[in-house]
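Letters A, B, C and D mark the chains in the order given here, with residues in each chain numbered from 1 onward.
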Amino acid sequence: MVKIELPVIALNLKTYPQATGEKAVALAKICEKVANEYSVSVIVAPQIADIYRVSQAVEIPVFSQHLDAGDPGRFTGHALGETLVENGAAGTLLNHSENRMQLADIEDSVRKAEKLGLYTIVCTNNPIVSVAAASLNPSAVAVEPPELIGTGISVSQTQPEVITDSVDMIRAVNQDVAILCGAGISTGTDVETAIKLGSQGVLLASAVAKSDKPEEVLRGLVEPISK
Amino acid sequence: MVKIELPVIALNLKTYPQATGEKAVALAKICEKVANEYSVSVIVAPQIADIYRVSQAVEIPVFSQHLDAGDPGRFTGHALGETLVENGAAGTLLNHSENRMQLADIEDSVRKAEKLGLYTIVCTNNPIVSVAAASLNPSAVAVEPPELIGTGISVSQTQPEVITDSVDMIRAVNQDVAILCGAGISTGTDVETAIKLGSQGVLLASAVAKSDKPEEVLRGLVEPISK
Amino acid sequence: MVKIELPVIALNLKTYPQATGEKAVALAKICEKVANEYSVSVIVAPQIADIYRVSQAVEIPVFSQHLDAGDPGRFTGHALGETLVENGAAGTLLNHSENRMQLADIEDSVRKAEKLGLYTIVCTNNPIVSVAAASLNPSAVAVEPPELIGTGISVSQTQPEVITDSVDMIRAVNQDVAILCGAGISTGTDVETAIKLGSQGVLLASAVAKSDKPEEVLRGLVEPISK
Amino acid sequence: MVKIELPVIALNLKTYPQATGEKAVALAKICEKVANEYSVSVIVAPQIADIYRVSQAVEIPVFSQHLDAGDPGRFTGHALGETLVENGAAGTLLNHSENRMQLADIEDSVRKAEKLGLYTIVCTNNPIVSVAAASLNPSAVAVEPPELIGTGISVSQTQPEVITDSVDMIRAVNQDVAILCGAGISTGTDVETAIKLGSQGVLLASAVAKSDKPEEVLRGLVEPISK
């Protein structure tokens, strides 16, 4: 299994035009540079079609944005675990609010990823769903109130109880799973607050991927967790 | 819009382990070699994560197996048209029986592909659905009785009326769309019969992708339509 | 096949609390009263759980809001055609913008409905998709620009070309299918304009179902098409 | 919240023609008769369109086969909790293997049902997914290995560890949720074994619903748990 040192900044590039193709590679290189400079774990999750070229270009962990349940064979258009590995993926997001999965498929994908050594971050929408996700034993759970995603209004500032409740409820049943949070994270202060509330990292997208100055924004984000 | 000369052989690599990653590249090179030797159009459709490396390696048209409706922005894990183009795709399959789409999304994807210059092959399951698909004005329609897919029992031999009915019914309303057929196509005779029945090409997968001797099988398939 | 005289007013009760259970029965009785008084066809489409009690209470056609593809047997929670018939349904909406269906499933449901004598109204979002739907030979197509649904801003006033283009394009390939329109229809003027533009009826919901005076609103709607 | 005394036999009528419309009512009456005679809890889950007529005819708990997430309003064709209550439902199955749900929607439906006093049985496919479901705090979890559903080869005889593992793993985190099992249950011995393994009831379908002698089969099933 890929090891990710905590705390971690996970950057979802979504399908932003500023983060597609060669621009995804450029952003990943910025992530790598800042990660090395500050000795902070940074994960980059480009679109599936961009995974190969991004993973060829950087040493930091490159994640898929999704992994479909199922084994190699008769599937058309699906994102199979084996193929992600083949293209350099070190892990995957699962059940993002923009790509919700059936419960049984999340479990199937976590098991498949486990077998392939892929790190899994299961996204959830509230503390109760976070516990359910944690009980599937993924590598990490990332709780994100959907209504804050992409708003720049951060979960750590406006809904701190979502983070603390998730941490309390998950730790009552699972000591091992990493606990991340996301939605609206855009500044170092957001990250710092998230960590203080018990989160072990953040999942974010637009604040960096849509920025005119992604390197500057990223430096601001990692600084509070720099070693 | 990418031009594909007819008749055409479209090879869907699905998620076969024999056709993933470097093996997808190897198969695509075989397709290119045979296509050039016989002066026949051959399309190869690898998994989405493999599109970039395959399109870097060959000159024949590389297709996606799927294209999600929607514009760049807030989507996670989706296959956007712009990203497929960026990675070298020349077209895409849509609505494959293993990845059925909503009617409105097929139309949206065909329009998006059109705008991006991507060739579209909409898969269908019977003559009536083929007419519906044709009325959306994609580049091509590929009719495939789902029960024959992957069986090696070819549509052209066992359900010739599916092909002739599709051709007759589509041509009554649309003169331009290319008409392909698929399901169980595995030999040159299957291809020849399909063409005689009015099809302008075939969509196939396992006969080549799972073969121990893919080049030999492919030669057999293209020979009857060689110029 | 159930015959519906044109022009027709089709009322979708959606899941409005004002149109659930006994209130669905009360609204259906108002529809029946007004339909008889003005000699106008009025269809009422309550929630699936309400179909039986509504169909027991009125003589006007009671429609389902949806019909799942597939035959009786191993399905759980699905709306099978046979069961809708058994509970008094005379027809069904298909592919409503709030319940989009896969292309192959729409065709399968239309064929099943045909076999059972159920009238089918396939909802669509634009003229091209309307032609695709019409080519499946349902009883009717209802074009509704999704962005106007529930707004009270009517398609007939603000996007008349959606209606005229749908009519022109459908009639070029299908003379028989009834052509309806919907989205934002709330007054008799909206209905009148829709009919003048070539529509043979309207599909509406909130204007009646959420009204404090549904009978009054309905009278206003049917008056222009009264015989 | 509706109280269901344990152990319980829950009968899913699926969309079997032998269990539709008036035949659903007849089967429900048999269930009621046997339930009373043996003082055993029997739940009957007819198709959604049949809930009203069945709940009018019997006093035993009538369940829906599904409940869609979401509040009353702009939904077409969905099964809203409020409407199920209005039609006499006392509870609902959720996430049946023939109607799998997204994780976040299962949680949303459980919360909605809770608010409406509806009993919830969340179906799962293995012990780990059962724990995830149990952590959402439904009324009950029913574990059913999908490959055995409808086979007549019972989970209690052939995969006893699925039941014991589910019980052990669920009880480690949740003392309150009822634990049922299903798949292939067809005889009293299957029920007896399931109870001995720690299950508090069974979910079944075809053995009764497709039988020529449903009353006889049902008597055989309830006898071992009769008081």
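Keep this in mind: contacts are C-beta pairs under 8 Å (C-beta built on N, C-alpha and C of every residue); 3 or more make two chains touch, one makes a residue touch a chain.
All of these numbers come straight from a predicted model, not from anything done at the bench.
Taking the mean of C-alpha positions as each chain's centre, the chain lying farthest from the centre of subunit D is B. Inter-chain centre distance (subunit C to subunit D, centres taken as mean C-alpha positions): 34 Å. If you average the Cα atoms of subunit B and of subunit C, the two centres end up 37 Å apart. Rounded to whole angstrom, the centroid-to-centroid distance between subunit A and subunit C, based on C-alpha atoms, equals 44 Å.
Contacts with at least two other chains are made by residues 97 of subunit A. Touching chain pairs in this entry, ordered by label, are A-B, A-D, B-C, C-D.
Chain contact summary for the complex, subunit B toward subunit C: residues 95, 97, 100-107, 124-126, 128-129, 131-133, 135-137, 173.
Those residues of subunit A lying in contact with subunit B across their complex are 12, 14-17, 20-22, 47-53, 64-66, 70, 72-80, 82-84, 86-87, 89, 93, 96-99, 149-150.
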